[in-house]
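Please go over the structures that come below.
In the two complexes below, subunit A is the common chain; its partner is subunit B in one and subunit C in the other.
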Partner chain A sequence: MTTFGHFALLAALIAAAWAATAAFLGAVGATRGLQRSAERSLLCTAGFVACAVFALEWGLLRDDFRLDYVYHYSSHAQPLAYKLGALWGGQSGSLLFWSLILTAMATVMVATNRDKNRALMPAATAVVGLVLTFFLLLVNVIESPFVTGPLRPDGVGLNPQLKNYWMLIHPPCLYLGYVGFTVPFAFAIAALVTRRTGDIWFRTTRRWTMFAWFFLGTGILLGSYWAYVELGWGGYWAWDPVENASLMPWLTGTAFLHSVMIQEKKGMLKIWNMILIILTFCLSIFGTFLTRSGIISSVHAFATSNIGPAFGLFLGLVFFGSLLLLIFRLESLRTEARLESLLSRESSFVFNNLILVGIAGTVLLLTTFPLISVQLTGRKVTMGPPIFNTVNIPWALCLLFLAGVGPLIAWRKASRENLRRNFTVPALSGLWMLLAVLMLDPAGYWEKLRSVFSSGAFDGIKGFYPALTFGIGAFVMGTLGLEFHRGVRARQHQHGESLPVAAGRMMWRNKRRWGGYLVHLGVVVVFAGIAGSSSYQKETVGEITPGQSLAIDGYRLHYLGHEVLVEDDHLGTLARFEVSQDGRPAGTLQAEQRAHVNLVFPVLKEAFQLAKAVPPGPDRRRAALAMYRLIGEMEGRAGREVKTPSTEVAIRSSMNPLRPTRFGEDLYVIPLAVDPETGRASVRVFVNPMVNFIWLGGLILVLGAHLSVLPDAAERKRLRAAMEIEERAVA
Partner chain B sequence: MPERRAAALLLALALFAPVQAAGEIPPGVDAKAYLEVATTLLCDCGCHPQSVHACACGRATEMREEIAAALRGGGPGGTPQSAAQVIAAYVARYGEKIRIAPTKRGFNLVAWLGPSIALLTAGLAVSLALRRWRGSGEGEPVPAGVPAELDPAYLQRLRRELGEER
Partner chain C sequence: MDRRRLKFLLLGGGVLLAMGFLVWAGLGREGGLAYFVTVSEFRKQHTATSAGVRVNGKVADGSIRRLPSGQDVSFVMTDGQTTLPVSYHGIIPDTFVEGADVVVKGSLDAQSGTFHADELLAKCPSKYEAAAKEGQKPPHGDAPPGHAPNES
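== the complex of A and B ==
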């Protein structure tokens, strides 16, 4: 299978390189047959890459530890799902997985454009072929997943933190997002090459863009959730370089989705849209470069290697090459209209774009600042959450405000009457919410206001962020509510429909608009969750023995006892708690401290297998305790890590809408250390208010994104019309 | 109607109504000094970049104890240290990177202020450009070949599509 995998990869590389070459020749005017050949080559590449993936998965499933990749990322004891998921657990596997996704997308691109877009397809195929060739070069030459070593009895296995079911979903989601932007980018470049810079390229790729944006956003949210439930530090976002790498293309992609609407409606911002899609694609590549090259240390950099220079070169070529092409085509990207007023929907979109790209640029600067600082000043610095929050939050709040302005402000130029009619009620609801939150703690806010003048605006204003977030959030919800109310009332008035029918039909008739509004609603709910959980979090740390209790913010944790476990791939000490909330029983929780034994040591491996063979009961407990003692004796004198610890936190979510002050709140228990002999536990407990709003907002976002990409007859008609106009213009 | 709106807002407020937080401060130390140190220093456990105050790992617990001991006077001289002294001692031992964020001085100001200045400048530039376009008296540039009057067939299609949208 190893040889099969090698040859499949080689064949895929040759096919992709031919696809790129033939499509390029087709694009510069050679025969149409060459383009057909390029498209067929792309399909062949997909087949060959699928064969290579099959070969690697086969090795993982059959525990073929001669393969270096299988040895490093799998083991006999690894559960089946994680053996399959190990495909993207390491460097070369994830590059292969990236290639698989791109070939799948290339196949769909070829299939859906078989009889249309014939002018753009050669150049678009060439771009996709080039990107594929680069990734296949990497897995053939620099990072092959089929490198073999000596015969080994067992493997090291996947990093324990990756053994979480979210690992099976989150990376594929992110990759779908990163890779998905390749197709819109390819069509944008094709539009520049062919000078067909009208509507077709972005209308054709609107669904691709939405698809990539949706999966990248979902991947980011799932990653946050994974960090929250698995990494056990009580938070979900730490501005880690790899987290930032996924956020940047999502931000520029969001900007693109908005600004392309202006091009669609008014024929404006053509150059800007080109810049945005180029930036988004390059930032997607940069994300992978950052994750995999190890140039900036990150807790997420589970796999790093020497692909950095190749990625850097590719990124530079793509970025500067695209910009150069754009400069040569500036003439064909002239605007068809101009902005007429600062108070217009177009302007609000321009400012929304400015802020989105500004935040992306800020994140890029701050993420790479340690490198810049070392180069220019020789000093190493850390860029932790405080600087990211201080610099970004004010702009994020401006962005949230614009999310409320955009839907209701008039196109071209908003009159005073338009502003009064559309924004009085939302502004009042925002102000009301702001005042109400301030009134929850007037003395505290007064103190914060005084500190603005005494200790500097930077630190003083921070205290108002949560109140401002709720206020602006209420304003945005007010605008959405008003738009909904008016739309439904108009339908009821015109067609005499009932409220649900009118609402359903209104949304169905304009799926794209209402999908977008739902996304805005989701964003507001996410913002509320972030503001609530980060500003009003409570925490306590304590050492308790079985029978003792710990109290925090109306909760009481009674420590029932502990249990020592021997599982398939780890030892564990489980602590059980009985929980009460506001004096009422609220069930039980269990948190676990795990020790993943390093099975490279024969003595540990043998002892672990013996312990696993003991039937459950007191003997097994004794065997487990003996294992813990053995680990304790070996630690410090073994020369390398004897065990990898991991933590399984316990979470109790309050989702009862009848208790609104607790709604969305989590009780979050982290077992810092649990003594397997005595059960004495050191625990850290958080109460995270509103944290579930983040995931709820994510679900609303998913719904909105789905609604906006559902097939739409009017949209299809518009695309057909645009194609006809373009064909006529070219003729 | 206003009552109903007020009730809806109050309900929304109830949903959004959390209570204030209280930090965990070790006994026997000045809370302000402790928080200043614990929120300034990075937990060097190698996990997510978190302050000693925020990080949940065992190393953070150790560092919190070290900080509390230094503030209480558990250091070499036996005298209580100020927050600035404790931070300076850590920086001397580990370098600037032990701070969770760079100081707001010198080249670091590029990171602290650069993005906001750039964004404000860009916003101002866009606003000025808009004003200039408006003030120059130039109308919306009409592409060549577009008739001044709207085509009746186009108007009819537009009305039909607008009808569909509703």
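== the complex of A and C ==
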């Protein structure tokens, strides 16, 4: 199977290289037959890569520990799902997985454009083929997943933290996002090469862009959720380089999605859109590179490896090559209209773009600053999360504000009348919300206002961010509500429909618009969640024994008792709590402090297997306690730890809408240490208000994104019309 | 250049300038930029108490002492040449084990010579690479149970 995998990879490389070459020849004017050959050869690449993936998965499934990859990322005891998921657990497997996704997308691209876009396809095929060739070169030459070593009885296995349900979903999601931007990028380049810079390239790839943007966004949210439930520090975002790497292409991709609408409607911003898609693709590649190379020290850094120079070269080639091409084609990207007024929909989109790209730029600068600093001054530095917050929160708020302005302000030039008609209600709702939040704690806000003047604007103004977020959020909700109300009322008047029918038909008739509005609503909810959970978080630490209680912010945590367990590959001490919220019983919680025994020591391995064989009951408990004692004894003797700890936090979410002040709140219990003998537990407890709004907003976002990509008859008609005009122009 | 254009350029430029200013201002502030040094470099340059420095090194084998509170730990950090005793108070990440690559932030207590950390980042130990380097020779843990030599 290993040899099979090797040759499948080699064949895939050859096929991809041929696809790129043939399509390039086709693009510069050779025969049409060459393009067909290139497309077929892309399909072959897909087949070969699939074979290689199959070979690797086969090795993982059959525990073929001769394969280095299987040895490092799998083990006998690893559950089936994680054996399969180990495909993206390590570097070479990830790169292979990347290639697999890209070939799958290439297949769809070839299949859906069989009789369409014959002019753009050659160059687009060449670009996709080139990207594939690069990744296949990496897995063939530098990082092959099929390197073999000696026969080994068992593997090292995935990290305990990676053995988590979300590990199976989050990375593929992110990869779909990263890879998905390749197709819009390829069509953009094709449009530049062929000088067909009309609106066909982005109309054809609108769904691809949405697809990539959607999966990248979902991947980021899933990653935060994973960090929140698994890593056990009570937070969900830490401005870690790897997190930033996924955020940057998402930001520029969001900018692209917006500004392309202006090109569609007005024929403006053509150069800017090209720059955006080039940036987005480059940042996607850069993101993959950051994640896999560990060039910037990060908690995620999986490996320091030798793919760095190759990636740098490729990235430079793509970036500067595309820019050069863009410069040569500037004359065919002339704008058809000009910005007329600062108060217009066009300019609100332009500023939305400016801020999105600006944030992406600062994140890029701050993330790569350590590298720059070493190059320039020879001193190593790091960037803490506070600076990212200082820089980005004000701009994120501006962006949120523009999300309310953009959809309602008039095109070209907003009249006083338009502003008054569309923004009075939203502005009032925003102001009311702001006032309401301020009135919650007038004295505190007065103090904060004074500190703005006394101790410097920076720290003082920070206190107002949450109130501002809620105010601006209410403003955006106001615009959405107004738009909804007007649309529904118009339908009711015209067609005499009932409210739900009118609402449903209105959304269905204009899926893109209402999908977009839903996404905006989701973003508002996410913002509210971030603001609420980061500024109203409460925290306490305590040491309690069974029978004792801990109180925090209306919660009482009554410690019922503890239990010792032997499971899978670890010992665990489980602490059970009875929770009451505002005097009402609120169920039980269990948090666990695990110890993954170091099975390198034969004594421990034997003892652990014996303990696991004991049937459940008091005997099992005694065996587990004996294990703990043995570990303690060995640690004393060897003078080193022979276990790896892992913490399973307990989370209780309040999702009862009847208690609005608690809605979306989490009680988050971290077991810092639990004594297996006495049960004496040291716990850290957080109350995270509104944190579930983040995940809830994410769900709304998913819904909106889905609505906006559903097939739309009117849109299809527009695309066909655009293509006909193009064909006629060419003929 | 007409006035409309000028207005757009001024406003756009203003946004970018404001962003730049925030970055510049943020760099000098607490929690922003911090110097990142190895244990040896720290020993050489920072004998006095200098706050806000991040020190990078590995957790020395057999040096971890966890207190029952679950959020206090002391250990020795090393970069192969010099060592630095560290005490830390806070949430201990699961990735914090012997041999792990850690970054601590805090300051040196001149009297005891201990580094008091208020931030501890631990990278998953590069056990995979270490194992890979051993390469041809299977690690001792792979010997079949029962036939292995006694552990130390």
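In the analysis below, the second predicted complex is superposed on the first by the 707 of 731 C-alpha atoms of A that agree within 3 Å, B and C clash if a C-alpha of one lies under 4 Å from a C-alpha of the other, contacts with A are read in each partner's own complex, and residues count from 1 in each chain.
The rule is simple: contacts are C-beta pairs under 8 Å (C-beta built on N, C-alpha and C of every residue); 3 or more make two chains touch, one makes a residue touch a chain.
Everything quoted here is computed from the prediction, not taken from an experiment.
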| item | value |
| --- | --- |
| Partner chain in contact with A:G547 - subunit B first, subunit C second, else both or neither | neither |
| Touching partner for A:G235 - first (subunit B), second (subunit C), both, neither | first |
| Contacts of A:I355 with subunit B and subunit C, given as first, second, both or neither | both |
| Touching partner for A:T382 - first (subunit B), second (subunit C), both, neither | both |
| Partner chain(s) touched by A:G321 [first = subunit B, second = subunit C, both, neither] | neither |
| Which of subunit B and subunit C A:A474 touches, first, second, both or neither | first |
| Which of subunit B and subunit C A:P689 touches, first, second, both or neither | first |
| Contacts of A:G149 with subunit B and subunit C, given as first, second, both or neither | second |
| Subunit B versus subunit C as contact partner of A:K605, first or second or both or neither | second |
| Intersection of subunit A interface sets (partners subunit B, subunit C) | 231-234, 299, 339-342, 347, 350-351, 354-355, 358, 361-362, 365-366, 369-370, 379-387, 390-391, 394-395, 458, 541, 670, 672-673, 682, 684 |
| List of subunit C residues in touch with subunit A within their complex | 4, 7-8, 11-12, 15-16, 19, 22-23, 25-27, 29-37, 54, 56, 61-62, 64, 66, 68-71, 91-95, 97-98, 103, 121-124, 126-129, 131-132, 135-146, 148, 150-152 |
| Subunit B residues within the subunit A interface of the complex | 5, 9, 11-24, 39, 42, 46-51, 54-58, 61, 95-102, 104, 106-108, 110-112, 114-116, 118-119, 122-123, 126-127, 130-131, 133-134, 138, 140-141, 143, 161, 164-166 |
| Subunit C partner contacts - residues on subunit A that touch it in the complex | 68, 71-73, 90, 149-150, 152-154, 156, 159-161, 231-234, 297-299, 301-304, 339-342, 347, 350-351, 354-355, 358-359, 361-362, 365-366, 369-370, 379-387, 390-391, 394-395, 458, 541, 543, 593, 599-603, 605-606, 609, 634, 638-641, 644-647, 670-673, 675, 680, 682, 684 |
| Subunit B partner contacts - residues on subunit A that touch it in the complex | 227, 231-235, 238-240, 299, 335-342, 347, 350-351, 354-355, 358, 361-362, 365-366, 369-370, 373, 376-377, 379-387, 390-391, 394-395, 425, 429, 432-433, 436-437, 440-441, 444, 458, 470, 474, 477, 490-491, 494, 509-510, 528, 532, 535-541, 553, 660-661, 663, 670, 672-673, 682, 684, 689-690, 714 |
